[in-house]
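What follows is a structure written as structure tokens; I'll ask about it next.
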Amino acid sequence: MDFRLTREQESFRDEVRAWLRQNLPKEWTSRVISGPDVPRVEAYKFLREWQKRLFDAGFIGLTWPKEYGGRGLTFMEEFILHEEMALAKAPPVLNILGIAMAGPTIIAYGTEEQKKRYPPKILSCEEIWCQGYSEPNAGSDLASLQTRAVRDGDHFVVNGQKVWTSIAQAADWMMLLARTDPDAPKHKGITYFLLDMHSPGVSVRPLRQITGDAEFNEVFFENVRVPRENVLGGVNNGWQVGITTLMYERLALGFGLQVRLRIALDALVGLAKRTKKNGDVATRDPIVRQKLAQLWIDTEAFKYTGARAITKLLRGEMPGAEASTGKIWWCETHQRLQDIAMELQGPYHQLMGGTDWALDQGLWQYTFLRSRANSVEGGTTEIQKNIIGERVLGLPKG
Amino acid sequence: MDFRLTREQESFRDEVRAWLRQNLPKEWTSRVISGPDVPRVEAYKFLREWQKRLFDAGFIGLTWPKEYGGRGLTFMEEFILHEEMALAKAPPVLNILGIAMAGPTIIAYGTEEQKKRYPPKILSCEEIWCQGYSEPNAGSDLASLQTRAVRDGDHFVVNGQKVWTSIAQAADWMMLLARTDPDAPKHKGITYFLLDMHSPGVSVRPLRQITGDAEFNEVFFENVRVPRENVLGGVNNGWQVGITTLMYERLALGFGLQVRLRIALDALVGLAKRTKKNGDVATRDPIVRQKLAQLWIDTEAFKYTGARAITKLLRGEMPGAEASTGKIWWCETHQRLQDIAMELQGPYHQLMGGTDWALDQGLWQYTFLRSRANSVEGGTTEIQKNIIGERVLGLPKG
Amino acid sequence: MDFGFSQEQEMLRATARKFFENECPSTFVRQMLDDPAGVTPDFWQKLAEQGWLGLIYPEAYGGVGLGFVDLTVLMEEMGRAVMPGPYFSSVLLGGLALLEAGSESQKKEWLTKISAGAAKVTLAWTEPNARWDAAAVTLQAREGRGGFALSGTKLFVHDAHTADALVVAARTANGASPEAGVSLFLVPRDARGLEVKLLPTMDQTRKLCEVTLKDVQVGAAALMGEKNTGWQPLARVVDRATVALCAEMCGGAQKILDMTTEYAKIRVAFGKPIGSYQGVKHRAADMLVDVENAKSITYYAAWVVDEQVAQAPLAASMAKAYVSDAYRKVAAAGIQLHGGIGFTWEHDLHLYFKRAKGSEFTFGDATYHRERVAQLINL
Amino acid sequence: MDFGFSQEQEMLRATARKFFENECPSTFVRQMLDDPAGVTPDFWQKLAEQGWLGLIYPEAYGGVGLGFVDLTVLMEEMGRAVMPGPYFSSVLLGGLALLEAGSESQKKEWLTKISAGAAKVTLAWTEPNARWDAAAVTLQAREGRGGFALSGTKLFVHDAHTADALVVAARTANGASPEAGVSLFLVPRDARGLEVKLLPTMDQTRKLCEVTLKDVQVGAAALMGEKNTGWQPLARVVDRATVALCAEMCGGAQKILDMTTEYAKIRVAFGKPIGSYQGVKHRAADMLVDVENAKSITYYAAWVVDEQVAQAPLAASMAKAYVSDAYRKVAAAGIQLHGGIGFTWEHDLHLYFKRAKGSEFTFGDATYHRERVAQLINL
């Protein structure tokens, strides 16, 4: 057991660190006080360029095979990269769904043609990907999705609707799950398509959230024609393929979340040190100290649990119990953190950006509201607990 | 809305108060520091006499009809009595299962003969009652009970086992639920018997608990003959009758619990004022203050919610949502209170009675351990939440 | 003891619920989000006609003369409707301050106007220091030339931008304790040197303002009650307004529980209504426990405010501590149990969620009030 | 980075689990509840033969020379078996104190004996004041006549009644801070004036004693290290023992989770195994989250203790704060999900429940350690 980096890992870290020092966009870092949850919608163009610069520097697709544009490194380097980006408060990677989900899934299930066609443009951010899974009546119960794809010669014709599609406004491609056999049992009649978002019949309607922002979208399909060769992993095999994507998502989230939580916590401690409570600095208040210390502990625990999971991956084993707890723990801790950020502000918590009285330009108000979705998006906490209960602990299905 | 007592109620309160001042057994009150949860097993004889004295003074069976030995008063007087007994740290009423459950159920469902025979001896504590519901494989799912009663001439012959039977060692009678029709749907083949605990074939085995104490028992029936006239409410109608008993239990618990919680809280505040934490009085510690204040608030909330329910009863209405929450809330608050009692003691929390170093003679250690059963006995918290979800909120069954 | 509402109070509840369903549906609330005033003159006039703007003022001042328990019923229904507008600021904060500390003529003039919907008065006591105790008041009032000159900044002032006058808490002396030396002044909103800025708030149904006073001159008649003794009446106003706020919060929490229960009955996942799963059912039960306790402790406080005045600070703090936590938890559970739909702007949940958050920190959060309880029970 | 156990460590775990299943089943644990010694000589000798009594001591002192991460594995398994006896007090508290502060000859003599199972040494530092900081130490040691005279009372001393010697923390000077002026003395249990009383404890698997010293005379050689500088080594011992305790707690928590999961699979209510209900399933999932995080933070602390010593206090406090809460919650959930059976003496759960409670408050509870974390991260 050794928590330290190896010499090679250290040198990779130094490489990242040096590059970030040189290349970090100041106009961004000056805004990021309360974590990386700046509304992304405002910044698509900027983030596209930022990813391109990361890519050119060799920092995108670290774990991907070299033949598909990656660097063939381990998850450890990926971990280091994310950690350094976090410490430097670097902007996030825009095409994260492509890099973390679409790319690996295509590499795992794609034809040789598909593997040559899509992955490189994902890394360079030439083509942005979104995920077409959830539907208005298929949330937690994903397999009950209703979007239909009907064979018509060399094409499939897609009709239906997706929802909670983040980044759809900017996306070029979608990982689409659609029903191709309505008579089969619900998990067996689904196909995974690579759908061109610029196809006729695709329309995107931004979905306004409680933040006021429209990060998510509804996507409607009206007789959208998808060429046969855009099926990934075989007709009616989409559930299997889609689940793989979700596994990658969980892995990727695990990396990202640890780092995001640490940034938010550092920002919160900073806020507390600047805040007065009953006339004294808030960090002198014993109750505030308890709450901040607990957040610190919980954030560290999350990191070490992640390190145990990564170690298993690095050793070529499948992560076990320690990997399944991350999402739940992160939600719980992050939502609590954001609640405490409000509490620290007292009546100031009401002030949104647009007044000089707002603390940190009102960014906390955005991150607080945004955090409410944490326990719903990417698998609700309830579903995660079912998964742990059934798959990890082996309890019977309900 | 008026929280004050009426003039009549005040005068009743004064009557109780005066009597208690005169009659309170000092040997008991000097022991009771941390609430009324003194192991009762040690004190059956004493408590029998105490109830008799209360009865002679006219304080037992306040709400019962006069014709069955009661005073025909309202729940309000019952409430006042309990509150005054609590404030005075009076010993508990031993035959509480008889008074709160067996008696009212017999009065509701009994034949005229039964109504004349049993209730008076319940009040005077001449005959102590216990409850024979739970079985090893029928806990939360009570209706799946397996104890059998087979008709044999003028008798039923009972075979089987009950468990968690408190006070069985001292009881003269049991409210027994047994299966009389094994072929009927599980709720429909159960009969409610009044079982003489001195019958041949009844054996009681104390069940040692984590407290070390044996408050509960297992009761075994081997060919126990119960006369036909000891059926209550008709053969195969036992589920209906038993549920009535449980309703009375809930009502009675509601009265008792409020008072017990307040005693325990007062004791805890007393303990905190005598305890040092990091060299200073514990009640000066801001974190301890938060915890104690929250307990105070929660205890008060419990009382006012109870008052709303009682008001409905007094007005002749059925208590609604406000009556269903009591048990859950009390468990949660009381267990937290006991946890805090341990926390305040720090390393002293390990010391049981038998050393001078033990705080309050180690009584807190008993009450702490005993409190773990709160959320299981009398309907688990999980069952209570199902009941609230389904019966109060109207959510569908699982 | 009779710890329930009277028939008249139940009738008031039924009337109010129907009124708000008709006059204040969420479409109306949403229109008011971006409306600077946060209310329409028409709606305000209707409240006046119902007698609700003067519900708890004596009839001599144009009021209906009802008590705090009656007000509780109405506030619950307003909370259920997330009613926008300056009811809270004008009827409770400004109005109660006048009632507690105003001279006979101030009361006569202003309470009559408030009751009739003809004027609005707010209370300006909180400052950038974000405190809720007497030390909060640092705005200076200097005596001289037959009056006072007020200078300083008030923050988080409810609806100052639409008020006709403000009750301003100011420091007239630096006494031995922060409680000494506070005075209250009734200042017209258009006084020279008084500037009001509307602030952008998370809960857009409740408007907050910054109020800057630069050497604002008021006559001696502006002083409410005796000089330097303003803290006691102010504290009483705040305790009472806190109880009213708790009632409003209870109404909102109940509405969230109702919405959530209804949704859990019809939303299907894995072939069954989600309300049949214990994960949802038990959490809904937790919500009910919180809502019922919140009501109980609020009703008690409301009764105390009228009947056992000495106990009012303790009762108010118990209620605010409990209800702040309860409404936050219920609102969070409501969003969670609705899943994605609860996170959308078009669903009404967020109106309640934001009101819950705003109310949680108004007049002190649960931690503040628990400490106050600890003091009041002599810990 | 490689944040997992080595193959050798996994083997140690397998060996230990098998050993405790055979040698320390719950029947054995139950026999020891009322046994004053809390252990049999036979069992103790077997531990010595496994090399576990000297696991982390250098080979020069008869030990095996393994590290703290190895110890963590063993402690987890001991916790899983709620192993009774003075392992914690002798190998960790007394032994580590000797290792940190003992003279070469003290170490040579006593660590060799401890490793061989030939002697036991405990640590007497806590007092009736129930503190965990340096101010805890008030027992007086007065210098004179070529030695010291010790007078005072130590409380909550682990296994003093079966120890051959005690490391006693005493105050030799009243310095500027409580940390200055503490000295450690190695005192034989049979020293004149030293009296030991076994205390009745809730967790009967772990024996605690009162130790009274009345003018106990010890020679200058009894002093461990330099006079007045005993707090630093003592604090290091306590941090390390705290981490070991956390590992033991993790093992117990995992065992409760295992027992509960198994029970939830077979216990049937309303026609289905209770583990199929979300009320049970989700709570079991919560238990898993707590157990896994508890392990992670403990493993990190164990690694830090050997490799990043400067970080040890922070890592130890983070672990103790987390694990104290986690074990309490897991133990409570275990009892709840077992229903009535979990409340009986004959079920093993209560052995773990009481160990969890005892461990929660040993060396400071979660609140204490959170405050210490706050200090160490410069809040």
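Letters are used for the chains, namely A, B, C and D, taken in the order the chains are written, and counting of residues starts over at 1 for each.
By definition in this document, a residue touches a chain if its C-beta (ideal position, glycine included) is under 8 Å from a C-beta of that chain, and two chains touch if they have at least 3 such contacts.
For clarity, every value in this text was computed on a predicted model and none was experimentally measured.
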Per Cα centroids, the chain farthest from subunit A: B
Selected interface, B-D versus B-C, where C-beta contact pairs are more numerous: B-C
Gap in Å, rounded to a whole number, between the CA centres of subunit B and subunit A: 52
Between subunit C and subunit A, distance of the C-alpha-averaged centres to the nearest whole Å: 40
Sites on subunit D at which at least two other chains make contact: 277-280, 282, 367
Multi-chain contact sites of subunit B, meaning residues that touch two or more partners: 286-287, 290, 382, 385-386, 398
Residue ranges of subunit C touching subunit B (in the complex, touch as defined): 1-6, 9, 69, 257, 261, 264-265, 272-273, 275-278, 280-282, 284-286, 288-289, 291-297, 299-300, 302-304, 307-308, 318, 321-322, 367, 370-371, 373-374, 377, 379
Touching residues (chain side subunit B, partner subunit A) in the complex: 285-287, 290, 398
Of subunit B, residues touching subunit C in the complex: 1-6, 9, 76, 269, 272, 283, 286, 289-290, 292-294, 296-298, 300-302, 304-305, 307-308, 310-312, 314-315, 321-322, 324-325, 328-329, 382, 384-386, 388-390, 392-398
Residues of subunit D defined as touching subunit B within the complex: 126, 128-131, 133, 135, 155-156, 197, 199-203, 208, 210, 268-270, 277, 279-280, 328, 332, 335-336, 339-340, 342-346, 349-350, 353-354, 357-358, 360-362, 365, 367
Touch list for subunit B against partner subunit D, complex: 134, 137, 139-141, 144, 163-164, 207-210, 212, 276, 278-279, 287, 335, 339, 342-343, 345-355, 357-358, 362, 365, 369, 372-373, 375-377, 380-382, 385-386, 398
